[in-house]
Amino acid sequence: MATSGGSLRRYALTRLALVIPMILILLTVVFLLMRVAPGDPIQAALGGKLSAAQLEEKRRAAGFTKPLIVQYGEYLKQVFTLNLGTAITDNQRITTVLKVNGAATLELSFTATLIALVIGVPIGLRAGRLRDSAFDAGGRLFGIITYAAPVFFVGLLFQLVFSKWLNWLPNSGMLSPIDQAELPAHTHLSVVDAIWDHNMSAFVDSLKHLAMPSFTLGLLLCGVVIRLIRTNLIQTLKGDYVEAARARGVPEHKVVMRHAFRNALVPVVTVMGLQAALLLSGAVLTEETFNWPGIGNQLVTYLNNRDYTAVQGIITIFALAVVFISLLIDFVNAAIDPRVRY
Amino acid sequence: MTAAPVISVRDLRVWYGTERGPVRAVDGVSFDVRAGETLGLVGESGCGKSTLGRGILGLLPSGSAVDGSVRFRDRELVGVKQSDMREMRGAELGLIFQEPMTRLDPLMRISEHFAETLRAHEPELNSEEIDARSIDTLRRMGIPPTRFRHYPHEFSGGMRQRIMIALALVLNPAFVVADEPTTALDVLVEAQILSILADLKRNFDTSLLLITHNLGIVAEACERVAVMYAGRIVEEGDARQVFSDPSHPYTRELLRSTISLSTTALHYIPGSPPDLVDPPSGCHFHPRCPSAMQVCGSLDPVEVRAPSGQRVSCWLHGPDELIPPGGTAPLQRQELASADEA
Amino acid sequence: MPTKPDDLEVDPAHVKPDTTPLDDRPVVLDVRDLRVHFALRGGFFDRLLGRSSGSVKAVDGVSFTLRKGEVLGLVGESGSGKTTTARALLGLAPITGGTVRFDAGPEYGGPVELTGLREPQFRAVRQAIQLVFQDPHASLNPAMDLATAVAHPLKIHHITKDRVEIDRRVRAAFERVGLAPVDQYLHKYPADLSGGQKQRAVLARAIMLNPALLVADEPVSMLDMSVRAKILQLMLDLKRDLGLTYLYVTHDLATAKFFCDTIAIMYLGRIVEIGPAAQIYADPKHPYTRSLLAAIPEPDPSRAVPRNLPRGEVPDAARPPLGCSFHPRCQAAFAPCGWEARDVNALLEQRWTAVAEDEYERERVVVGDPVELEAGLAARLPDTRAGSGAAVALLDEIRRADPDEPFWRGVRSVEPEPAGVRLEFNEPVDPALRNVGPVRVACHLHDPRFAPLATPLETP
Amino acid sequence: MTAASIAEPGGESILDTPPPTTSRPRGPFGRLWQQVKQAQGFSKWLLWVGAGITAVFIVLAVFAPLIAPYGFDQYMAHGVRFAKQGSPNGSHWFGTNVRSVDVLSVVIYGSRTAIEVVMLAVVFSLFVGVPLGLISGYYGGWLDRILVLIMDALFAFPYLLLAIIIAFLLQNSVGSGVLTAAIAITVIYVPQYFRVVRGQVLSAREEPYVEAARALGARPRTIMGRYLFFNVIQSVPVIATLNAADAILTLAGLGFLGFGIQPTQAAEWGYELQRGVADMGAGLWWTSVFPGIAIVSLVTGLTLVGEGLNDVLNPVLRKRSGRRVVLPRRDASATTLPTRQGDNRGRGEELA
């Protein structure tokens, strides 16, 4: 047991090696899902617009006539060469979609996570510490209701109040058309681009556009954060080492923050990593509600157009994102918990 | 005995709530521990000995009720403010736990545990002083300085218990409660820890309340012993005296049923310890006592000084003037069903 | 002084009616060179590169025989492999080597070789061998009432489906273990019972199938002092009445002394001493047995004596010491016991625990923090000021401070090198069990080849 | 493998207080009910308020045809077409929507759809997830490793996207009704049951009572059925209720994105919200606010039940006791004698 000298680097290498099978499994799942689909992707996307001969030509060009195993190999090759193909319906390269729309999604998710943490962590901490107090009850109810309210409904209400009635914030979109036209896309993150360009009006405009979507998504995540922190804190506060710290006369706030909270963080971070799935799902709905030009919004468009290639490409991106996030989470945990590294 | 008591407990009661009603874990207990003395508190599981130990340090679950008096030197500890109690814990009153494996925060280095403890009570210390004092205390417990910055999981159970003892002693408390400190350890390690505890008063001039279920440990490490049964101390006195000439029937039966290397015949006490939610009337031991009299089931025994010098609460030792007429007749009991015994 | 209740007192002489000498009774269990090795689950990276991450030798060559009606005590600390040995006999831990011959007589189907049995075949053996666990609470299914739990072995082995018959047998078993009046206990759940009652129920379940051998893994260690004797007594009664044979696994030498005919002391997967209980307690031969016996706190203040305890703790079974596993802790260890590179770390740590802070700092500068030394017969201690000879001087100083330290008996040579100092050790010899009087001991002190070396030793 | 766990004789854990003498009703459901009844304080409030809300929706769902004033796709009555996007009034309390359908009726019939889908999905995923978890956890080995990888992959995948794709793929073969939605939702919840049950099995498998069953010679099937199952499903009620809440959100999400149940098949709240987006821009709030409130209420109700159950059933969160003890005054007890005349030592030295 007492093997000393295990290093973070060694752990990181091991963990990285594990990524490969995980990616392969996810890719296989994606591929199978898309290919066992009944019906013909080309027919579905372009049927009616082209003649039968043209469709057949397209089919061959897209490789749908080859055996499934060959298609699978080609798909994997595509992914590992970071070329996800071209959408059938609008001829956009999926990598371009990732760059442009992905940035919008990133901007939204990042801000929403930040909001969720800023609101959720203090509430969860206090609720867990003052278990069964009025604050705890209130905090839990707040968490339950924010989670229970679908993002699109909250979004609609926000739109009704802040946009329609109060007229404070723009109803939808990422930037006003005028800023959209002026602002060069360095990163496709509108807030960052505005700062990059020292463009004050675009900066304010982008923040105004960001406010409602990010709050909507943030509130959803916030419910999860409160619940997680509260439950895990209650658990770690019962820990033997917490009682031992109290018995040594360590001040209560240090007992809570240094012992209980830090130990609670390990499971919290793990579950938060799994909640990446929630974040991305919520992002799709939020983007749809606020017409935010994110990747989820784009996905829905392609789905409605029956564009299999594009859908497959975007799903692949999501899958890779999930793997990346879980990797990140494990590294964070290894940094917090010395036991993980062995 | 000339030394003044460091801890003086009078008529202490600690009850805590359960769904079935209050548990009378400690129900009117009095004893003293003098400077540099080790008092063994011995009893079976569930007799309230751990609750008593924690009650002295004010470490009780919420919802517990405490009354009576605990005086530490010239300060009353029952009813003292939580913040004052915290300042005394660690600095004046130490606690050593049963299970060393879980008592150290797994995310903190040993050095950080010491720094936290010392900073909480002596904020004027700088980090060199903290390190020097911690390493010195650890060394006296047999932990090499090379392992000062290791994490808890890199130590074995015995080492962790040594670290826990060092953590309890680094502030030189005048009084330490050791709650079954060796129960979770192997017999050789147990012996090592016991010899460390026996050296305490030589090296640290600390008074010790050693809570244990093991009479052998009391014989080994304590000058005086208090025997606890069902929330009360039934006998207390010089360890040699109590072991060679027990005054209370429970002490006597407990000694006889203990299996040791010199045991030649099996002996046991019929019945099992009572439920402390609803303990028997009068002397709590009377249903199991081979010497029970009529009075034992109806009146609480009064503490008297036995001829051999120890304090004992048993009607066999009087005072005769308080026993109602006919009270000394043997108690008639129903035959115990054999399974009630265990 | 009231008189003691004699009816509760049991003279152990009365519970052993079988007067046949132990050696003449049939052998029920014959274990030869039993090995239980667990492959260490290495990191993914190791497996990827095909690196073996070794194995834990939980049980490493254990041999003993158990005759009908005998009680064999398998005694050791945690990590000694005693529980793994017990579990292996029931097929709950994989037997990776050796032979285990079980022969409880024709009524149990004659002799069986347990090594190599597959799980379905083992299930039949488990009618004849039963296991009692340490924690009576955890070994009963919380969702099953006592009657169902005790009757379950009958259903599992398809003994009978007749409800009346099942009920009769369950009641008989309850009576037998003292859970009476039976009706009061039949439909209780484990959570409603005290520890002793639960252990009685476990025993009732164990005797349901009329086993020949009962493996009891610390059956009383979680019970209160005042209850232990009752359960031990019950076990003795069952043995007498049902003709059982016991393998009693425990860390508690006191109950073992009372309970067992034969004692086997285990340390790190091996038996270090085995023999008749009376002999072992009267005249322990192995230094480990001696320290165990000396370490038991006796409930008699007048007998408490200062003792010379072995240092340190049971080492990691994944990387056991060379030679005799006990040598790093043994005060009597000498040249052939297996001294090696890893012991240098222990020596330094022991030194630095004893000396003052400034001295420690000074010496640490010379040789640096102890690094994890691999097992081996040569150790190189670095010298940060190469060529100054400080490391050699430090070793000399350590030796001068405590010339009786057993470590030095294992050192063959100390050679200064350009960048430090090289220590070489004597060739390690694995101690084998050998007859010493009526007992068998695995210790070089009792080996005539080495015994002459054991007296204060001249070191090179 | 060193000094980890040996006997703990005085261990104050298991044999701490002698058990109560009365036997309690048991069996898995008896035990569950027993614990639910013991809920106290806020947990009790959570449980009962949640159960109340949920019960209201169940009543609405069961008796929808009797309660709803009109059918879920009825846009005219007595030969008169309802107003298009009419505001709430006496005959249409919640107004009418863009299809001239009565919003109140849609909301009521929506609860029927929601509860149908959720019940189907929960039952399906229980039937798939629990046995898989049991088998995977008990046997371990390569089967376990493969199942875990697949389930983890499914679990980590954005669940809404998964549901969309499944629904999208099933559209052609199964259609776009209740069953498709239920299957799509089942696929995303199976991994949760699998993970939880497998985790519980892994820890229960190490329990001595399971090893004892093996030592008795029980077959794996018996061990799983008699020893593991009832001890492992303790946490299933909690996940099932929380998942049911979650499933309603997923169903609504599917509807909102246009991949859910079509309005010709059944009334569905998410779809109504999608149609309401345009109305909202025009200030017509009622077409979306009422279905929205219905979603929030039902999800809240189910979540409250789940949280309440979690408080009660989860051993980690369960409190040992809620009641404060008040010590009776000493002199109230006649048997306690205040005089301690026998003691003539220690007392006098009380203060130095």
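First chain written, first letter: the chains are A, B, C and D, and each begins at residue 1.
Methods note: contacts are C-beta pairs under 8 Å (C-beta built on N, C-alpha and C of every residue); 3 or more make two chains touch, one makes a residue touch a chain.
Not measured: the values here are computed from a predicted model.
Colleague: Would you mind checking which pair of chains has the most C-beta pairs in contact?
Modeller: B-C
Colleague: Measuring between Cα centroids, which chain is at the maximum distance from subunit B?
Modeller: The chain farthest from subunit B, judged by C-alpha centres, is A.
Colleague: Distance from the CA centroid of subunit C to that of subunit D, rounded to the nearest Å?
Modeller: 47
Colleague: Please work out the Cα centroid separation of subunit A and subunit B, and write it as a whole number of Å.
Modeller: 54
Colleague: So, what's the distance in Å between the C-alpha centres of subunit D and subunit B?
Modeller: A distance of 45 Å separates the two centres.
Colleague: Centroid from C-alpha atoms only, then distance subunit A to subunit C, rounded to Å. What do you get?
Modeller: Using C-alpha averages as centres, the distance is 53 Å.
Colleague: Give me the residues of subunit C that touch two or more other chains.
Modeller: 77-78, 194-195, 223-225, 251-252, 313-314, 316
Colleague: Listing for subunit D: what residues touch at least two other chains?
Modeller: In subunit D, the residues touching two or more other chains are 1-6, 8-9, 11, 15, 18, 20-21, 322.
Colleague: Subunit B: which residues touch two or more other chains?
Modeller: 44-45, 99, 156-158, 186, 189, 213-214, 272-273
Colleague: Spell out the part of subunit B that touches subunit C in their complex, as residue ranges.
Modeller: 44-45, 132, 135-136, 139, 142-147, 156-159, 186-192, 194-195, 213-220, 239-240, 243-244, 249, 253-270, 272-273, 290-291, 316, 337-339, 341-342
Colleague: Using the touch definition up top, name the residues of subunit D that touch subunit B in the complex.
Modeller: Interface residues on subunit D, with respect to subunit B: 2-6, 8-12, 15-18, 20-21, 38, 320-327, 330, 335-337, 339-346, 349-352.
Colleague: Write out the stretch or stretches of subunit B touching subunit A in their complex.
Modeller: 57, 59, 86-91, 94-95, 97, 99, 102-108, 116-117, 120-121, 150-151, 153-156, 164, 167-168
Colleague: Residues of subunit D touching subunit A in their complex?
Modeller: 1-2, 41-42, 46, 149-150, 152-161, 164-166, 168-169, 172-173, 245, 249, 252-253, 256-259, 270, 273-274, 276-277, 280-281, 283, 285, 288-289, 292, 295-296, 299-300, 303-304, 307, 316-317, 319, 322
Colleague: Help me check something: in the complex, which residues belonging to subunit A touch subunit B?
Modeller: Against subunit B, subunit A makes touches at 1-4, 239-241, 243-252, 254, 258-259, 262-263, 266, 336-339, 342.
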